[in-house]
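Here the structure comes first, spelled out in structure tokens, and everything after it is commentary.
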């Protein structure tokens, strides 16, 4: 199980050596990055059957937790670590002027994303989070336009602000408990953190880590960044990185801050996210911003889902998150040639019939039309919200319904304009084969999910019940009991 | 009697609050970056104070003598890490500020945002209603320092 | 409008922090992990400076990531600032005194930097502090003579190899069947220069990496074109 | 010792406010390094010599150098009215 560390170490060492390798052979430098990511994905996939129903913990440096840092892998963590590796591979930066620096950054993104999913130490999570942040600044700025520099700088400021707040929260947790290991924190939390200080620490970390998860008050960067960044990078950020940040918040919630007040804070912020995101998407007039704002709305649904207490919440949230993980990158891949005003897209079905058909499929699933997976995910959230028999959760259900109605309105408006014939206007350019192939792959995955929905749901429920079990985490890591 | 712990904690929370105020209320980019630096300094101090006790010795063994009570080395290592991370991000932020100023000729946050929205809209082929934004002359007049 | 909402946000955060401040009990926390490390570090790691034991031993993984953050910031900084156009104005050369001083300072700073790095497991200081001094050693000559260029190829080779050797030392432990980043070699006598196993080696890698990274960042910033 | 801590904290907070209020960026940068230096003295008092060295070298030294370089390149390296 020691191989778990390789998921982080291998891409990192490759990234460090890439400039050196490039001096020796450009060809080798071009291919070594994707090959290493293939290798780490293979390692991750080979670990999957070994995990089964149990989870594993790795003690880095050979020091028993809580003294050293431990990695923890259950199926949820491994799934997201794999999603990062494979996602980076699928959305590998295209060969441009700065391909060397971009490939280096992409490798570091794969390493840090996997590490963020696997880490079991609060401060280590903070460091990984900062690493993911710095890598994203570099990748966004890679487009080298004035707008992308300005958007990156504004994103950097919001993100550093959030990271400093998260660090303040970590300081408060350490002040109250004297430890950073999540398993030991989980043991100490009921006696040490079940108070105002614990709740404030959670709120500070929620705002801090919520920056990347597009949480309501700290998501001002989203529309600017997704409109100016290279579309592949936007796909990675919206599809994968936002889920990793969400995963951290869920872990903290399940293990450490198991208080009703914490759930309520998340529920309210999630509702505000859905309302503001969907309204802004409805008003958006260009393609990139429309899907950027819709992503804020979708993340809001996930926050609402994860705020349902117990295993049911993790199950529902995970279902929505996995669905979004497949749909959003595909949307951004289609956006590569469709950036710009929605009016320009009239008649796009003629130049790119496959692209238009894919968009319709993705949109239908996003809105939640049966029998596509998006429908089942949303249904799961609604059923569980209704089951809470609490006014606030009911309000959450209504907000999601309203959001879906708005979504249906603006997505259909766009989709119908694709098939609207207008002879005066020039149609947008056809998609590049590579983009279209990747998007089709994701679309095919979505269709496969629709067909195999029952076994898939069982699998996700298994993953969720494993992730929602506080005991399993504590027993697997098994930190030494200190006086 | 003066409580040293209370003074130190007030210092940390004071720096955090001043830093946040700097980020939220300033409009000049360099001043906002100053605010981020202050906020980080406050968070670092708070982290170091977390398990601080009066009268503990530094966690180093000099010439084989082991002190009775040593300070907690973990927050010290964490703050070390946080300081180094901070300087990396600071350098990147300043580089970006340099490029933004070169492109837009201003460092005023609102003006930069307005120009960026114009750029995005221009690329997308939408004309932006200019009435919702303050006229450029007012914005530049507010800008400090000058380019 | 935006000012108002920012002020409200600030007020809310201020209230939150004031509430934390009021409710906090100072100096009551038990540093359980810290105490355990203080009593075990001399035996487990063998460094006389326990902060070093934490930075490179117990939390070596954090340090690796921290190096990566600096590396990433330098890479992204290079991407942002781009290449200097050959026609750009340069700063004027500094005066004779600064130039002569820079020549004198260079060897001195390199020696001090390496000394601090190599004694990091015994005394305060180590790879980060020494690395900063190394970076300034290489940067001061550039300040004195802005015309001279630092060899970016050499810098990027040093940074690549130093970072890779940190990971490689960690991977060596894995080939030996232990966990990633387990300290290698004999712990030696507490307080001796050659002690604490592979820690001095790791700190050397950290120092070179930090030094080259920071020197790269500084030259990137100073080589970008002057406005006036 | 207690009074020393009090004086340092007061100086630090005053200079932190000055960083945000001073119109001259060079003076604001100087105030920021005063905050860093005060912090590093505090770290010495708190028995954290490693952190104090790092804060002095990186917070007060290197960051100020970075800011100074950037201010110069941004054209803010001059006093008001000059």
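Chains here go by letter, A, B, C and D, matching the order in which they are written, and residues are numbered from 1 within each.
Quick note on the criterion: contacts are C-beta pairs under 8 Å (C-beta built on N, C-alpha and C of every residue); 3 or more make two chains touch, one makes a residue touch a chain.
Fair warning: this is a prediction, and the values are worked out from it, not measured in the lab.
Comparing chain pairs C-D and A-C by the number of C-beta pairs in contact, the larger count belongs to A-C. If you average the CA atoms of subunit B and of subunit C, the two centres end up 19 Å from each other. Separating the centre of subunit A from that of subunit C, both taken as means of CA atoms, is a distance of 30 Å.
Distance between subunit A and subunit D, defined via averaged C-alpha coordinates, is recorded as 38 Å. Residues of subunit B found to touch two or more other chains are 10, 16, 19-21, 44, 49-52, 58-60, 71-72, 74-76, 78, 80-81, 84-85, 87-89, 91-92, 94-99, 101, 147. Counting partners per residue, subunit D has 48-51, 54, 58, 62, 66, 69-70, 73-75 as the residues that reach two or more other chains.
Among the residues of subunit C, those in touch with two or more other chains are 9, 20, 24, 29-31, 33-35, 37, 49, 51, 58-59, 62, 66, 69, 72-73, 76, 80, 124, 128, 214, 217, 221, 224, 227. Chains that are in contact with each other form these pairs: A-B, A-C, B-C, B-D, C-D. Looking at the complex, you find that subunit B touches subunit D at residues 2, 4, 7-8, 10-11, 14-15, 18-19, 21-22, 26, 30-31, 34-35, 37-38, 41, 44-45, 48-49, 52, 56-60, 71, 76, 79-80, 83-84, 86-87, 90-91, 94-95, 97-98, 101, 107, 144-147.
For subunit A in complex with subunit B, the touching residues are 123, 127, 130, 133-134, 137-138, 141, 145-147, 149-154, 156-157, 160-161, 164-165, 167-168, 170-172, 174-175, 178, 180, 224, 227-228, 285-289, 339-341, 343-344. Per the touch definition, subunit D reaches subunit C in the complex via residues 48-54, 57-58, 61-62, 65-66, 69-70, 72-75. By the touch criterion given at the top, residues 9, 16, 19-20, 23-24, 29-37, 40, 44, 57-62, 64-66, 68-69, 71-73, 75-76, 78-80, 82, 153, 156-157, 159-161, 163-164, 167-168, 170-171, 173-174, 178-183 of subunit C touch subunit A in their complex.
Of all residues in subunit D, only 1-3, 5-6, 8-9, 12-13, 16-17, 19-20, 23, 25, 28, 32, 35-36, 39, 42-43, 46-51, 54-55, 58-59, 62-63, 66-67, 69-71, 73-76 touch subunit B in the complex they form.
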